[in-house]
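Next come two complexes, and both contain subunit A; in the first it sits with subunit B, in the second with subunit C.
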Partner chain A sequence: MTEARKNSLTDKLVIIVWIIALIIVWEIGASVVEKTKRSPQNVLPHLSQIVESVFSDKMVSNKQTAFQIVITNAGITLLRAGIGFLYGAGAGFLLALAMHRFITVEKATFPYLMMIQMIPILGMAPIVLAITQDINKSRIIIAAILTFYPVATNMLDGLKSVEKEKYDLMRSLAASNWNIYTKLLIPTSIPYIFSGLKIAAPMAITASILVDTLQGGAGLGTMLSQSLKHAMSIYVFWQIVFFSATVGILSYKLMSFAEKIFSPHERAKGAR
Partner chain B sequence: MDKHNRSRLSSVVLPLLLGLAVIILWQSQLLHRMIDADTFTLPLPGRIFNIIVENIGKILINMKATVTVALGGLLMGSLLGYLLAIIASAFPKWGTGGLAVVSSFNAIPIIAIAPILNNLTKDFSRDPNVRSMLAKTLVVMITCTVSMSVNAYRGFTELKPFSEDLMKSFAASKGTIFLKLKVPNSVPYIFTALRVSVPASVISAMVSEYFAEYIIGVGRQIRENIVLAQYATAWAYIVAAIVIGVTMYLILLAVERASMKGRP
Partner chain C sequence: MANANETEINIKGLCVNFPDKDNGGDIQALKDVNLAIKEGSFVSLLGPSGCGKTTLLRSIADLQDISSGIISVKGKTPKETRLSQQYGIVFQSPVLYEWRTVRRNICMPMEVIGLPKEERTRRVDEVLELVGLTEFGRKYPHQLSGGMQQRVGIARALALDPEILLMDEPFSALDEFTKEKLQIDLLSIWQKTKKTILFVTHNIQESVFLSDDVVVLSPHPGRVSAVVNIGLKRPRDLAIRETAEFAALVSKVRHSFEGIYE
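Right, the complex of A and B next:
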């Protein structure tokens, strides 16, 4: 026990050392850029300058500081990403159930499910916007498609991983279909669903930001491109870079956390 | 045998029927009514096909640009990732933590990386096409490095029980253990990584084209044509993008099957 705790402590220390190393590399790069480029803040500013811009109360535009801009627009983008994520997860869940229940559905849709993975969906974002004519709908649709695929395929794997003996046993006890699904098939596939959700969560956020850049209005992506075009302080851009990276990582952690809550079986294993 | 054949036949026929149904719905404009679109933004399949035939030369130039970026970045990223995994497995204590930090890069949206690299490579060349190419390739490289390094590292460390001890008992040198045991063991893991990074390379190539200075590439053409309200042409480039994505993935599957032959 103490050995294990000691190990996880050294692991954390190692990670901290690596992060410090990255910061040092960044700072060296920033110092080089500072001496060689005319406008270094566009290429690679010092981290301290970015942090300073977060806390500065200088109005950048519309009576908002740079950080307020990032936060208000992030709300818009993330909400849409979240809605799309839920729709996609729901649709993936239902399709996996249908594919498992009806072999015809599985055979007819499986090649297309594989194809979604190979098709650059993000590249199709502009045409989705052209068809729906609504930036919010497009954000939701693209995020949903990107979530849909990993959830559906992983859950199907989960449903198929159920041991045949358990299934036969429930059948022989005359369990209803409803009971077989709610007591055996769905609980078994929960860890699989979560591995799909963990892949999908950062993708849904990326997609939502990308769709923002296609049109004016509000959203993280819009601010990102305006900041790059120097319509407002370049530090808005740098804040968005770090903000979106943090949110991407957090979305993954959030799914791991939800997995612990929703999958009691795994939790029991951990507690033992 | 008969039953087996019938089952194989149905897994070809059923998807074809579904695809045919969608195309019929599309061509007969029922699909347009279902999703409330018009034939202007969602042109009929026949018209898209005609446009592809008419503009095939231009489409091929753009496809070449995208494929060059995707493959170049994929190759550089995978090699770098493999190298990182070798270094990490040589110093496991520091390597595991380093890879954990590297893998968090995966969560950074491409959209944030692409503009940074565009600015970084501004002075690289006078020719905007060359420097855009470099910036785009670097973006793809970054997206491909992570999955290769994480998976190859697992390939180096998740060995069969006692196989490393056995090699040591034969007094095999570290180099021999690495070449004869660890490298072969990592091959299936390389393909696991490529299954993620091949589609990712195409997507990041297309997205980085949006931010590039020089206007070329399938992804950029989709966007440019939509800005010009040339929806049918945009659809032709979408078809081109799908062709690139599917072809590269199928090639990967074929290579994987060929190189895994004779493995348990």
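Right, the complex of A and C next:
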């Protein structure tokens, strides 16, 4: 118990040291850039300048401050990322079940899954946009495709990982397929599903931001590129960088949290 | 009430081979096993490690494909018997579902065969008491010791109250005190319910103390080398193990082993 607590304490210390080191390096870099470049904030502003821009009430465009721009556009992007994530997770879940139940489904679909996964998002996104003609649908579809693969493959691994004797117990009871799946196979694959979801969540967010850049209009990605092209304050860019990183990490944490809800025995381990 | 003279499980010429990957041949896990197990009897399968005890139990339970021979359970195949949900199994390892609490692990088979909730709860309380784990019903398997986990596995099979109970070394992971208590408890449950029990063990005393018949198995290839009838009076208590009659039976069983090694 004390051992575990000590470990989590060292973990936290390591993270804090890392963050401090990062801040120091950043600031040194920013000072150097400040002296050598003409518009240093484009390359590497001081962290304090970015923080200041968050709280500044200076209008940058459309009667909005930089931070308001980030928040309203984040809503547009993240909502689609979230919907796509849910669709993708659901589809991945169902396909994993189908692949496990029918070996032919696995044989028939697995190569295509691999192929879809190998097309870079940068190539896939314009195609999806061309087909759907709608940026919102594209965001959802791309996020769904990205979520789908890790969930399906991880869950399939989980379904296959069931120990033989646990399965034999069900067999000895002449259990129905429904019972075998709901009482044994799916519970066994829950941790696997969640490792898929943890990979997918930040990816779905990144992908939606990327899809934004395909079309003007709105969304984090659009603002990102406009800001880079100096159509608006460069601090919008920096804020979006930090904001997206934070949301990405939070989405991962959210999945860990959801996993704990679904696996009370793991919670009992933590409490020991 | 079971008819004590009727054969429940009849095994004729049973062979089970496993492919031997090292030399391309077959491992003969069981070779020409013939066995008749009477309805309502307590039969032990006794033998050293690797002699095919688990394989024999699994073959009867229809969890193992057999290479040749016939197994019939009251005229039905093992598969038909399994599908009519007459088997309860205690595996050699506990085989608990780690995401379920102790109580819910014990409940699981009863859920599958469709017992009503009140009945399940009643039986769980009963068997938890029996295996001395009443306090631990809400714990998860990883919070229990190995011996406690094994007791949950036993409790799960007992709660199911099957017609045929197949137990694979259920007590070998337990301490001497718990083991003796559970031996007595198992005997009294068996006496009350008159179910057929097939009990795997590698402990000669245990097999003599519990059984009507001790089936002595020898390894390489796995085969039946003797069936020793244990005529000790019932009900039995621990004191019976001090008697000369008991000692004589133990030595008789032991000698039926020595036959093979000579």
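FYI, the second predicted complex is superposed on the first by the 257 of 272 C-alpha atoms of A that agree within 3 Å, B and C clash if a C-alpha of one lies under 4 Å from a C-alpha of the other, contacts with A are read in each partner's own complex, and residues count from 1 in each chain.
Please note the rule applied: a residue touches a chain if its C-beta (ideal position, glycine included) is under 8 Å from a C-beta of that chain, and two chains touch if they have at least 3 such contacts.
Everything numeric in this text was worked out from a predicted model, so none of it was measured.
K.L.:
State whether subunit B and subunit C clash or fit side by side on subunit A once the two structures are superposed.
P.N.:
Subunit B and subunit C fit side by side in the superposed model.
K.L.:
State whether A:166 touches subunit B only (first), subunit C only (second), both chains, or neither.
P.N.:
The answer is second: A:166 touches subunit C but not subunit B.
K.L.:
Under the stated touch criterion, which partner chain does A:187 make contact with: subunit B (first), subunit C (second), both, or neither?
P.N.:
Only subunit C; A:187 stays clear of subunit B.
K.L.:
Return first, second, both or neither, reflecting whether A:251 touches subunit B, subunit C, both chains, or no partner chain.
P.N.:
Touch partner of A:251: subunit B, not subunit C.
K.L.:
Return, as a multiple of 10 degrees, the angle whose vertex is the Cα centre of subunit A and whose sides reach the Cα centres of subunit B and subunit C.
P.N.:
Nearest-10 rounding gives 90 degrees.
K.L.:
Touching A:68 in the superposition: subunit B (first), subunit C (second), both, neither?
P.N.:
neither
K.L.:
After superposition on the shared chain, which partner residues are touched by A:118: those of subunit B (first), subunit C (second), both, or neither?
P.N.:
Once the two structures are laid over each other on A, A:118 reaches subunit B alone.
K.L.:
For A:175 in the superposed arrangement: first (subunit B), second (subunit C), both or neither?
P.N.:
It touches subunit C, and subunit B stays clear.
K.L.:
So in the superposed three-chain picture, is A:210 touching just subunit B, just subunit C, both, or none of them (first/second/both/neither)?
P.N.:
first
K.L.:
If we overlay the two complexes on their shared chain A, which of subunit B and subunit C does A:136 touch? Say first, second, both or neither.
P.N.:
It touches nothing on subunit B or subunit C.
K.L.:
Given the superposition on chain A, which partner contacts more residues in subunit A: subunit B or subunit C?
P.N.:
Of subunit B and subunit C, B contacts more residues of subunit A.
K.L.:
After the superposition, what is the least C-alpha distance between subunit B and subunit C in whole angstrom?
P.N.:
Distance of closest C-alpha approach: 13 Å.
K.L.:
Which residues form the common part of the subunit A surface touched by subunit B and by subunit C?
P.N.:
Touching subunit B and subunit C on subunit A: no residues.
K.L.:
Hey, which residues of subunit C end up touching subunit A in the complex?
P.N.:
Per the stated touch rule, the residues are 58, 61-63, 82-85, 87-89, 91, 93, 95, 97-100, 108-109, 111-113, 139-143.
K.L.:
Touching residues of subunit A toward subunit C in the complex: what are they?
P.N.:
163, 165-166, 168-176, 179, 183-184, 187, 190, 263-265, 268-269, 272
K.L.:
Tell me, which parts of subunit B touch subunit A in their complex?
P.N.:
Listed in rising order, the residues of subunit B that touch subunit A are 10-11, 14-15, 17-19, 35, 37, 41-42, 93-94, 96-98, 100-101, 104, 106-112, 115-116, 119-120, 122-123, 199, 202-203, 206-207, 210-211, 218-219, 222-223, 226, 231, 234-235, 238, 241-242, 244-246, 248-249.
K.L.:
Which part of subunit A faces subunit B closely enough to touch in the complex?
P.N.:
Its residues touching subunit B are 10-11, 14-15, 17-19, 22, 37, 42-44, 104, 107-112, 115, 117-124, 126-127, 129-131, 202, 205-206, 209-210, 213-214, 221, 224, 228, 237, 240-241, 244-245, 248-249, 251-252.
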